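Right, one structure below, let's go through it.
We just call them A, B and C in the order they show up, numbering each chain from 1.
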Amino acid sequence: MRILEGDGIIKNFGGLAAITNVNFYINQGEILGLIGPNGAGKTTLFNLMSGSLSLTSGVIRFKGENITGLKPHQICKRGMARTFQLVKLFGNMTVLENILLGSLFGTLTGIRQSNALEESLELLEFVGLSGMDGILAKDLTVANQKRLEVARALATKPELLLLDEFMAGLTPTEVSLAIGLIKKIRDKGITVFMIEHVMKAMMSVSDRIIVLHHGEKIAEGIPEEITTNPKVIEIYLGA
Amino acid sequence: MSPLLFLDILIGGLMMGGLYALIAVGLSLQYGVARVLNVSHGEFIMLGAFATYSLYMLFGINPLLSLVMTGPFIFFIGFLIHRTLFKRLRRLSQSLDAFEGSSLLASFGLLFIIQNVALLIWGPDVKGYSYLSKTVNIWGAVYAANRLVALLFAILIALIFYFFLMRTRTGKAIRAAAQDVTTAQLMGVNIHWVLGLCFGLGALMAGFAGSLTSMMFEITPLIGLPYTIIAIIAVVLGGLGNILGSLIGGLILGLIGNIVMYIHPGLSLIAYYIIFLLLLLIKPTGILGK
Amino acid sequence: MKRAISKKILYPVLLSFIFIIMVMMPPYVSPYTIILLNSIFMYIVLTVSWALFSGPTHYLSLASAAFFGIGIYVSAILGDKLPLLVVIGLGGLISFLLALLVGLSSLRLRGMYFTIFTFGLSELIRHSVQWWEVNRTGTVGRWVIAVDHTTVYYVMLAILLITLVVTYIIKHSKYGLALLSIGESEEAADHIGINVNAMKIITFAISTFFMGATGAIMATRWTYIDPSIAFNPLFSFMPVLMAIFGGIGHIFGQILGAGVLTLLADVLLTKFPYYYMLLYGMILVIVVLFLPKGLTGLKEEAKKWLKVD
């Protein structure tokens, strides 16, 4: 099943065409990568998917339902969660509270406080932050902050997770750990759509990749096809 | 409407507008650069007014001449307040938003303090003096000489300041800081000195405006707040952080106020507030804002 | 070191005890004390309800005077036509409805823009009512049906109790947590399923309900009111000052701040009427500079010091 589909996505900011006629889809259970030079419109596309930005024209379908024009909190409750390029945590709240909020508000059906607490502690362990529940989010290291953001997103019980440059700023060791976490997420049955610049990681973990350039999709395919695609090579190496 | 009436409204509006432009520029320097929305701005106007009043009544000093004396004094007070209060507050604040909030509160405190001190010194009664109150005839319309002179001086001060801002090194530093404090710092601008300077200059503008006001109107220690509000509206109208914008904003408000006054006196302030609120809802960045 | 009695039992018992004393008090104290307590109750309600929304979300509202004033005017206009409790309820309700409107229209405003918007709104209402009274009705101000101080006392005590209970429940529920998250990162809160706009507007409106109700009852103590009394900007500034002074993060701090500063104002007004504003201004500056966390923050600082020993 195609869990997410974008048809004829166009986004203009005044006179600036940020996204031009992008069509794409994600299959349930796969890991789809999104790459492209800076300014290609990757985060803008994420913002359009998650409801932060409104489309100029086009349709977004999530699990077959047209979600164009819905607000972020409505989309979240339907099962799409995301992380941000610049981590947006609730800095002066504890690690546990951050995750707890996702658990309490992120789903369509209500949840009891005790269950939410249990789930949050489990997620804490799942992302590798055991024992840090009482620490303030702003006091975490960058790598741990990113884990926390993922945990908070997972707390909303998503079927699709959007990761925006999850590995930016991580050391090689941390990147390996991050790859491991993404695989664990996929094994849980969650589809992953990820923007990444760390190519090695992207190629090793993605099932398919789409490439954006100046707001247009210029290539799509499995990693091997992408790395050998002349257009892709040109936009990364060309002046 | 006869062209003469139109001209009358226009000139009258520009006269007040000139004054408003001066105080708006002053507040814009304080908010645009030092990031302090100084609600005690009007109190510096009041201080300037009373300083000139006192010098005239006690020593017979020409009000226009007193500008030279009261100016540096009020500038110094403003500079000092920034160095002692707001600089420290900036250091203590975790974020710019937090600083804007706490500096707003601190300036409320200043408002109470300065107003009370003025009440203690000069008392609550209305005071005034007569200076250049003869009337002048321009194209059939009659204006008080002191208002014309005040307008002239407001323009003069604005021109001098404009020259200072555009041609001198310090002026360039101020403009740089108004655009981006961090980058200006990286470019070698001694930022804390510039912030204090801007705050002091803002107070100076207010002081000048106050001195000019005392020539035209009666004064009490309570005249400050209405002017502060007009300054805030003018600054938002022109675009928060844009110095030229606040000058234009002040002129526009003066004109609108005068027009409204012809239609129905007493509605000017309400008109200002309505413009203000609509502006915030529709285009909060103002006329010249980014 | 374990407490002899757990906090969960001690605090409610203590509070119930205090409440019972408050209820029994009036016959045994002077009218002056009752009037003073009414003022204290009033400022506690204003401060706590202001902090309910503005505290966690960091949206500093300076419109408290508008909603308080609406309550006053409802009382002035309807006080002789409807029973007292209905008037109070209406004062709260109309404030609530106006707040919903204000919230819906000012949604996109952040930070300083929101604050000056609320201030401008409050002042617009004040000047508009003033203009209306001068130009249309011909008389400025109204007379309010007087109510005896003891009745005001009991009504205020009831409003205070309800305000504190509602605030406490909200704060300690998941909505309280959500409000805090809105103050930290609105966009993130929106993306984890929190309907940020709805939550902001409703919380703001709830807070103004108590302000309006308080205005309706307190109007009766002035007997004569006009726009400069009813919509006095001080009713917007004081709750902010009191919350920060006492400690904006805790209900106890807000109560403490309101109580202490109201008492202080009373003392100052009687002993040093000419220096009252000056001293208030100095307190404001000192608090902002040295007590960013308020009095309750001092307690935390002291605790840290003692633990280090």
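Methods note: a contact is a pair of C-beta atoms (placed from the backbone, for glycine too) under 8 Å apart; a residue touches a chain by one contact, two chains touch by 3 or more.
None of the values given here were measured: they were computed from a predicted structure.
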Among line, ring, star, complete and other, the chain contact graph is line
One chain's C-alpha mean falls closest to the whole-protein C-alpha mean, and that chain is C
Here the gap between chain B and chain C, centre to centre from mean Cα coordinates and rounded to Å, is 33
Per the C-alpha centroid definition, the whole-Å distance linking chain A and chain B comes out as 49
Whole-Å distance, C-alpha centre of chain A to that of chain C, is 42
Given the complex, residues on chain A that touch chain C span 50, 52, 71-73, 76-77, 81-82, 84, 88-93, 97, 100-102, 104-107, 113, 152-153, 155-156
Listed in rising order, the residues of chain B that touch chain C in the complex are 37, 85, 88-89, 92, 97, 100-102, 104-106, 108-117, 119-120, 229, 232-233, 236, 240, 266-267, 269-270, 273-274, 276-277, 280-281, 284
As the complex stands, chain C meets chain B at residues 58, 60, 105-106, 109, 111-113, 115-117, 120-121, 123-124, 127-128, 131, 134-135, 237, 240-241, 244, 274-278, 280-285, 288-289, 292
Touching chain A in the complex, chain C uses residues 174, 177-178, 180-181, 184-185, 187-196
